[in-house]
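What follows are several structures.
Below, chain A partners chain B and then partners chain C, in two separate complexes.
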Partner chain A sequence: MTDDEQEIFDKLSELLQPFNEKQVELKPQTEIAVDLAIDSVSVMDFVMEVEDHFDMDIPLNVLSDTHTMKDLISVVQARKKT
Partner chain B sequence: MRVDTTTEIGTGAGAEIRPFTPEGTPTINTDLVQRLGGFTTLCEGLDYAAQGQTGMNFYGPRGQLDESVTYRQLRKRAIAAAHQLVNAGIKPGERVGVVAETGAEFMVVFFGCQYAGMVPCPLPYSMYIGGRESYVTRIAGMLESAHATAVVTTADLDELVRDAAGRAGIKRVLSHEQLAGFSSEGPALQPFGPEDISYIQYSSGSTSNPKGVLISQKSACANTMAILRHGLKIRPTDRAFSWLPLYHDMGLVGFCLSPMMGQVSVDYLATPAFARRPALWLKLMSQNQCTVAYGPSFGYDLAARRANGSLSELKLDQWRVAGIGGDMVRADVLKLFSETLGVAGFKSKAFLPSYGMAESTLGVCFVDADEEIRVDVIDRTAMKEYGVAEVSSETDPELVRSFVVCGRPLPAHKMRVVNITGKELGDREIGCIEIAGPSLMSGYFRNDAATSAIMRDDGFMDTGDMGYWLDGEIVITGRAKDMILHNGRNIWPQDIEWSVEKLAAVRDGDVAAFAVEGSHGEDCVCVLVQCRLRKDDEIESVRKAVKAQISRTIGIEAQVVMVPPKSLPFTSSGKLSRSGAKTMFGNGDIVEIVSDFKTIDNAMSVAAE
Partner chain C sequence: MVDLLDKNKALMERMQRVAQAGSRVGPVNEKLLSPTRAMIDGRDTILAGTNNYMGVTFEASCIEAGQRALAEHGTGTTGSRIANGSYAIHEELERELAGFLGMKHCIVFSTGYQANLGMMAGLAGPKDTIFLDADSHSSIYDGCTLSGAQLVRFRHNDAADLDKRLTRMGDTGGGHLVVLEGIYSMLGDRAPLADFVEVKKKHGFQLLVDEAHSFGVLGPNGCGLADEAGLMHEADFVVGTFSKSIGAIGGFGASNHPLFETVRYSSKPYMFTASPSPASVATATAAVKLLAREPERRDRLQANSARLFHGLRGLGLELGCDEVSPVIAVKCADEPSTLVMWNELLAAGVYVNIALPPGTPGKLCLLRCSVSAAHTEAEIDRIIELFATVVAGKQLTAASAAGA
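Coming up: the complex of A and B.
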């Protein structure tokens, strides 16, 4: 990971902690909804935290293709630039 | 015969005008007499509302007013859209899928179809993280079942909807922008007449077998009139608020068609925005002094738990109707909500439990507005063993069950509770609920088998729900046999089973999904999976794969229990018996698989202690 990616990963991990009830170890390939077994409402809470922190909107179609932490890092990177 | 229930504005009994101006469209029409339904078509209702200043307001995810449309503007845009639909080559009577995002664009196309005599089919606008494939499958199934000839989509879901349309063999996919590119002029339109159909609702049926509820102009007009006049007893000072999805009957009929047929202004917050910030619901209702809102118990739970900050600054004493529908009404949740929001002036008598379904357009039973909710506590054993609702003074949830009373059928609507032989039951006898009346659907669209399976010869329809009478009011004890209600969503066990059976390690017929009752009476999802493996780590990896698959396709966390081969019960015709599996699991007749190694592990861990 580049420094930028590592920085976003660390921040996402921090934002995800309150939802990570089973304290699953987070890696770039961790599937957010699946590996952490969080329900759809909590996932939306987490997405809201991400949007608020990075001051961006993540549209539904983008969310639909976001599975892993790595995917989410790319989403944040791409939308930070625009 | 048409009955006009008209009220003089400002001088009607109890009409209290607050010195207050809401953001967006006004609450009260100054020069148009309120008419609570009684129209013969939805177009006639919109034509009437268009003579006033009220309308719809759409709030964004951070609580800002994004768009405000008066009914007058909406009508004008809908008629333009009707011409555009005709000019796009769509013919009267054809079905048009419309992605139902909460916004003016959806409303314009839905009513454009009404003015053009085309049948709109609102499609889900929802997503969970990584949910692309399940969304596309679901939409494709609906489009196929509706034999749609065209789809109109939002720009953000354009690619996904095109994918779905491709799978359903539909060539005409239009974004709102593309539709607007067609000419908004043309020869006279052929709007739907009073004897015509109106729309198809897809909140019924599973993904693997979607069933479109076909609603006529007559049913839509009858149900919205009854809701306005008798269910909610709407007044000129009422203002509605909704975060409900517009692809569900409660959102579409309750908070789009009904307010319009009563010229009531509505403030909307999109469902995903509510899910992210439930407190916005309360803040905006306070800000615009809204008086009517609805939600499933789950929504009140979410709002109460996530209400944050200075609740005392909110002003919710005007909130007259806090309707509950769409899931089992939970008294504990309502109590938490009114205790939390009491500080803002919220009154618990605003709660209005109700019962309804898309097959009856929306509303069937309502409790009297202005009355406290009533809870009936009954004996569990008598209910289970004898099918009787026997009053109990016990409080132990092991011994009793509490149900919220859901009110009386709307006038001109009929309801009966019958046993399996069809005999009508009396007070406190639990049976199947059947309904009749002007709000019933015309049938499931092009699905005679499904329609005749629930229609009785005398015009009554089997709701699939169970309940009992109590002093002329209905109490619901269980919803449609197999359906799972999870956080306000209807989940079909077939969808879970179907999705799990796609895994390589699982065979068809290996899976049974059903709801088990959680500690608060809520539905938890339990999935039994037959497994031929013997090693602990192999069994665990299948379990993990099943959980992941359910999470990915259905978006919920389920309890997955691995059971030995040939343990699931089947009926004589070879059909999986879900209720049988549930009973056997509950009794301990089906138990979790014991691996060759687990016993040794357990023995060792016991020894270690």
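Coming up: the complex of A and C.
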């Protein structure tokens, strides 16, 4: 991971903690919904925290192709640039 | 090859857990006795979870209208209105509803769920953006997905959050649709419509209000939250269902927009499904007329809602919202205790809804009551009494156990 990716990963991990009830260890390849066993509403609530922190919109349509932490890092990176 | 239903194994386990706790998800009403009573497990049970807000399901005028339509027009329409044509009674219902709402156009759908699918998909396309409240009903989420529009979710009832997102989004080159609900089905809270209208004035989006739980219920004319707030002219599109205050089945979309009639042809959930059956259409029309004729039903609903709201609050229970609403949800500690209490309430003679995550906002476990104009004061008092013994007792025991 680049420094930028690591920074985003650390922030996402922090924002994900309140939803990570099972305290699953987070890695870039962690599948957020599946590995943490959290429901679709919780995933959307988590993404809202991400939107607020990075001051960006992540439309729900994007989420159907976003599964892993790494996917989400790419989404945040792409949307930070625009 | 993978078995398609393998992924439902966890769901099966959850269903079995619920069954072991002694409950069926959705008990069987062996016989309906009235809008507010049914025989369940051989017991005369008060219904306090059926969204039968106006209590019209056994009204003589509605039943007669349904029976007449059944005899005169038959059991089903056997196709969509685009393919088979409309029945005069479909058009009569649309005229009746438009008149009730004081709006120019109304389109009837086969259910409220389809009304939301049909409205979102008929109004918005891939170039447009829909901003939806985080607590929106599933039919709104599904309609938004079907539309192919870009979907932005804003914080529940938070006009400032919507404002922020609209500002951040700027001009997208497409239309912007904001979707709210009159009364939210789980917690019973209303959208702060005046705040959203301020944001509308600033950004100029089009507004859709799903009045599923508020049509017939709120406002001086019973048109819903927009009517109550004196802001009917700001609702570009109104959605409603017949499955609650109207006591039938079906749904509608209404608008003053000069192009609104085109939605019939841009909406697959309208085009590619059978139109509502003659009996449903006729009972719905009769119920709309009844609600117009008997505004005192709204007063009775309001009085009953206030009685239950203050009664439950008086027991020290934590409710879903702070204002009197016909949806009154009691917050519970966790899933197992909610299941136990729900079963005990049913065994003691009152049916309420059990609502669990992910169907609830904020992972809440709820015992959800819906009040009817047809409840008697004695029935409301009995519901409070049973919550006092079954629920208030439990919550206190749990609290004192935690304190000990």
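Methods note: the second predicted complex is superposed on the first by the 82 of 82 C-alpha atoms of A that agree within 3 Å, B and C clash if a C-alpha of one lies under 4 Å from a C-alpha of the other, contacts with A are read in each partner's own complex, and residues count from 1 in each chain.
The definition used in the following text is that a contact is a pair of C-beta atoms (placed from the backbone, for glycine too) under 8 Å apart; a residue touches a chain by one contact, two chains touch by 3 or more.
Small disclaimer: the values here were computed from a predicted structure and weren't measured.
Of the two partner chains placed around the shared chain by superposition, chain B and chain C are both touched by A:59.
In the superposition on chain A, A:67 makes contact with chain B only, while chain C stays out of contact range. When the two structures are aligned on the shared chain, A:32 is found in touch with chain B, with no touch to chain C.
Taking chain A as the reference chain, the count of touched residues is higher for B when chain B and chain C are set side by side. Contact with both chain B and chain C is seen for A:44 once the two complexes are overlaid on the shared chain.
Overlap of the chain B and chain C interfaces on chain A comprises residues 39-41, 44-45, 48, 57, 59-61. By the touch criterion given at the top, residues 129, 134, 144-145, 150-153, 155, 165, 168-169, 357-358, 361, 363 of chain C touch chain A in their complex.
Within the complex formed with chain A, the chain B residues making contact are 61, 125-132, 135, 156-160, 272, 275-277, 302, 487, 547-548, 551-552, 555-557. Against chain C, the residues of chain A that register as touching in their complex are 39-42, 44-45, 48, 55-57, 59-61. Chain A meets chain B in the complex at residues 31-35, 37-41, 43-45, 47-48, 57, 59-61, 63-67.
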